[in-house]
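Presented below are the structures under discussion, each in the form of structure tokens.
Next, two complexes with subunit A in common: one pairs it with subunit B, the other with subunit C.
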Partner chain A sequence: MAHFTKATSVKDWLNQRLAIETVEKVMMSEYWIPKNINFLWAMGMVLVVTFVLLLVSGIFLLMYYVPTVDEAFYSVNYTIMREVDFGWLWRHIHGVAASVVFLVIYIHMFTGIYYGSYKKGREMIWISGMLLFVAFSAEAFSGYMLPWGQMSYWAGMVITNLFSGGSLHADALVEWIRGDYVPAQAFLGRFFMLHVLLIPLAIVGLIGLHFAALRIPHVNNQDGEEIDFNAESKKYLDGDKAGSKVMRFANDFMSKDMMVVGIFLIFLFYLVFWNYSFALDPVNFDPADGLKTPEHIYPEWYFLWSYEILRPFNIDLGLVLFGFAQVIFVFLPFLDRSPNTCPANRRGTMFKVWFWLMLSNMIVLTAMGKLPPEGIFSTIGLVAAIVFVVQWIALPFITSREKKV
Partner chain B sequence: MENNSRRGFMGKAFGAVAAVGAVGSLVAMKKTWDPLPSVKAAGFTTLDMTVYQEGVMVTEKWRGKPIFVLKKSAEVMENEKGNPAAEARNIKIGDDNFMVAIGLCTHLGCIPAFRPAENDFLCACHGGMFDASGLVTKVPPPRGFDIPPFKIDGTNLILGEVGPEWQSMKDNGVTL
Partner chain C sequence: MKNKEPIILIVVIFFSLVTYYLVEPFAHGVMHKHVDSENFQYADLPALTKSGNVANGEELIINAGCTGCHSMEKAGMPAPMDAVTAAQSYGVNPPDLSEVGALYDDKFLADLIKNPAHALKVEHKFDASKGEMHPMVPFYGMGGDIDQEVADMVAYLKNLAVSPSDVTPAMAFENACGRCHAVEYENWTQIGTKPSFKHEKDSLAFDIQVLEYEDSLKKYMGKLPPDLSSYIRSRSEDFLITFIENPQNHLAGTAMPRVGVTADTAEKVLEYMRDAGDTKRHERESIGKVVMIYIVIFAIFAFLWKKQVWRDLH
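Presenting the complex of A and B:
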């Protein structure tokens, strides 16, 4: 048996059994963060806090939600919204946070692209992050089914139809996914399970992977500078805190992080209390009706850019390009052939243009996806979709010609 | 050495047990997600075709899907003449001619709206259009409305059962 001595304190007792001091050092006080960062480095913690808000509000919604096609709509819109004390608060938090979490994810993603935080040993951070994006998308979609309103039903119809593969006519696959010829009880039941159990489990696991992927290569900094974390942390521990390029994760970095989180929470709860309607589509306040399509079907804002890549083409090409748009970001670390790890603006004209065009083009795609597919909007959408695809195809060529900075 | 081969054997033995279990559970999981027998059994609808009026589009329901029933006027029939694609989709019951089709856009399954003035269908989701015989007049939909399996029984139409008229439509590629 291993040797244990009589504990001198509760901390010592735990330390002998769980090595809590070592864990605390590895995870917090001797997890070194560069000083040369800005508020955009706080988005990870903002996302953690938002995820916790979604989890807690979801737990309270789960207690009154009824996952049957006859009762789901009323359990949300009557029981939770009117009968349960503060039920509206949980629903508003859940709906608003589910929308805002994607805004923060996109900021987090484009921060990573701008500063080259997916390069040279940080590939797994990027890949696990993109897997989280996929998992969050699936979580958002499955959650959108649950109120069983008109948008729930028709979004469910359209998205499951994507799996017929266009001209492949895999209708049997679509019926298998739904468990019925159309979205009905079997469909609602399985998406309820996915939303409250399987996908959240996957998200928690992926968050663990995302953090673990960060621990060895460490966080990037504003100049993409390669830092000798051993030397710099030694300098810090030896007392030269001002001269060291790094600081402790806790409490140094966390104190700045939580400052940004505080500002974010004020913004989030302003939306929750006074401006929540953007997250609750009026069409979804009509109960699901399989015999009546709403006049305009559009996804939530965070899916609009990829929806707009699907829309202007015939079904097969549209599906291929839609699939391309869904997966292509994962491969960014391998498509970017440049030796440089530094901000996009310092990597030469080509990549600078690529970055800002990608960002603005995705905003254009988002805007066009919301507008009805007619006239000039159709044309702008088509051009923007083509530009998106061309940009990704051009990326390896642009970046392999990039000069070492 | 002896130990190694024993460990190797144990590893392979466990691998075999695990493989059988994995395949078995995948089969069970797949089958659990299949449509239930009660869902499949409820898949028949009988329509009395004498009640429809010319030019009035009626939406019926079969397997939870909308079914468009449009009794065609003489004028529409005149337009269809010489258009083999439209003629092949015509369903004749007694002296009356019908368009009967699954009312879901073949693009991604939204329900197109009937426009009586234009006598056509417009899908709000992605702008697809269909004419009164169910053929595509504007993309993205890849093909005309699908025609549900039907059997003509006097003046009744039984949806979900395969009759000779529908079988020949399917064989000739008129519908899926």
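Presenting the complex of A and C:
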């Protein structure tokens, strides 16, 4: 057993047992961050804050939500929206933050792609991040079922139908997932459990992994420069704060994180109070009705790009490409064969075009995924979906020919 | 080191806004048919050319037999039968006439009296030439100038009703919409506000009456008209206004009649629906302002803290 001495203070007592000083150094004051970064590096903290908002508002909603097909809609739209003090506020925060969190995730992702932050020892950061994306997607989808409105019901119907596998006609699998022939009580009950317990647990675990994956390779910087963290941190600790290439995570970078968080929250709460319909779809304010299909069924905006990769093809090919789109981002660190870790704009024309085309094309896919698949929109959607797939297939070839910069 | 943050911020905002524009205003503009408001002018209906006489109107209303089906509580005339029985006879409970002069457009009332299916725009459903008569019997005149007689009746109804500025949201909704549409969140049923009962069996008895009424309504309308509790959130206000004004413009062939409300009454109906489905909107406005002030102060402090910490870093 380790040797313990009589504590001289509460801090000392804790320090002997929990090594709080070491932990503080490792996680905060001697967690070295390059200075050569911009506000995009604060998106992680923005995501943490948004996740906390979702968690806290979700806890309040959970106190009044009733997960039964007869009561769910009423408990959300009457009990929470009218009866519970500030219930409407929790719901609006939860709904809007759930949508905005994906905007920040996409910014965070494309930041990573642009600066090559998935390369050379940072592969696990990327992979754990993509697993988080999958977990957040599942969390968003399961949460969308809970108000049991028209869009909950029909989106649940459409998405679970995908598991029939097209020509495979795996209807038994679909029934197994639903627990019924159509979305009903068993379906709502299990998605409720997933939304409030299993997936949040997975998310918290994955956030831990994502942070841990970052600690060893450190965060990337604006030029992809390899930094000698030992030498630079020594310089900093010796007093040459201005000359060192690194800074402390706390309070140095934390102060900037908080500044960005402050600006982000102004934007978020503007949406919560004055512009929330994009996140709380009007169609979902009609109660679920299995006999009345809504005129347009579309997923939330953040799923639209992958939905549009499914739609323009016949069901079998569509499903294959949809599956491809779901998983392909995870493999980015291995598909990018380039020796360079630097901003996309400096990696030569090929990758520069690849990056900006990928971003623009996903926006095109997002727009076409919402529009009715008719006339010119289905043609644009088809072309954009093909471009998406071709870009990923081409990635290893164009990156392996990239010159070292 | 050149500060690239402004340009990066512009790029991020640009791509976010383009995405937002495409999936929200643009996509919804494509998906939803745009219907121009007719500003409640009822331009298809003939203008009233005669000025009415209130005393004559009162006599005409009684002699023409209006009160055989309609109550006129304010003039001391109760409903000839209860709502459930009335719905069994006519499909829907005929409205009380006490306040109709304030709720509905004059031209509409005049046309309704003479030719209900025409004013209500349900001639596709009630075609007199095929013997499909609207349950409301048209007024064929009492022997004089029919236009004068109708003008007198409208004048009487306007005189009987409250001033249009005293119309409450509930008054507007209950008379114009509430005999077909329930609003569960406001405790409103098609036969009136559900009272709180001491005994469950009384409560159940009331529910049974509502169900019986709804059975008649279903037969009359083809399906049960929807509960409107959260329609203010599920439909845009623009949709609701243009739909109320003329349901056929949005849904050609619908059994829902044009109800002929004035622009003021339509606004009151919307106010009622806001109270039902967006009850906390005033609180949202006021709390919103307070939260924004708080967050802006937070952001200012965060900015000052950052400035102070970073002073030594450069």
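Following the convention adopted for this analysis, the second predicted complex is superposed on the first by the 404 of 405 C-alpha atoms of A that agree within 3 Å, B and C clash if a C-alpha of one lies under 4 Å from a C-alpha of the other, contacts with A are read in each partner's own complex, and residues count from 1 in each chain.
Quick note on the criterion: a residue touches a chain if its C-beta (ideal position, glycine included) is under 8 Å from a C-beta of that chain, and two chains touch if they have at least 3 such contacts.
Remember, predicted model here, so these are calculated numbers, not experimental data.
By the touch criterion defined above, A:Y270 reaches subunit C but does not reach subunit B.
Of the two partner chains placed by the overlay, neither subunit B nor subunit C lies in contact with A:K352.
Of the two partner chains placed around the shared chain by superposition, subunit B is the only one that A:R311 touches, whereas subunit C remains out of contact.
Using the contact criterion defined above for the overlaid structures, shared-chain residue A:H218 touches neither subunit B nor subunit C, since it reaches no partner.
After overlaying the two complexes on the shared chain, residue contacts for A:N161 are found with subunit B alone; subunit C is out of touch. Once the two complexes are laid over each other on the shared chain, residue contacts for A:H296 go to subunit B and to subunit C alike. With both complexes placed on chain A, subunit A has more residues touched by C than by the other of subunit B and subunit C. Of the two partner chains, subunit B is the only one touched by A:D180; subunit C is not. Contacts of A:K235 after superposition on the shared chain: neither subunit B nor subunit C is touched.
Once the two complexes are overlaid on chain A, the subunit A residues touched by subunit B in the first and by subunit C in the second are 295-296. Residues 154, 157-158, 161-162, 166-167, 169, 171, 175-182, 184, 186, 190, 290-297, 311, 313-316, 318, 373-374, 378 of subunit A are the ones that touch subunit B when the two sit in their complex.
Here subunit B touches subunit A in the complex through residues 30, 33-36, 39, 43, 59, 61, 63-66, 107-113, 123-127, 139-142, 176, going by the rule given at the top. Of all residues in subunit C, only 1, 4-5, 8-9, 12, 15-16, 18-20, 22-24, 26-27, 30-31, 184-185, 229-231, 233-236, 277, 279-280, 283-285, 287-288, 291-292, 295-296, 298-303, 305-306, 308-310, 312-314 touch subunit A in the complex they form. By the touch rule above, subunit A contacts subunit C in their complex via residues 35-36, 38-40, 77-78, 81-82, 86, 88-89, 92, 103, 107, 222, 241-242, 247, 251-252, 255-256, 258-259, 261-263, 265-266, 269-270, 272-274, 278, 280, 282-286, 295-296, 301, 304, 359, 363, 366-367, 370-372, 377.
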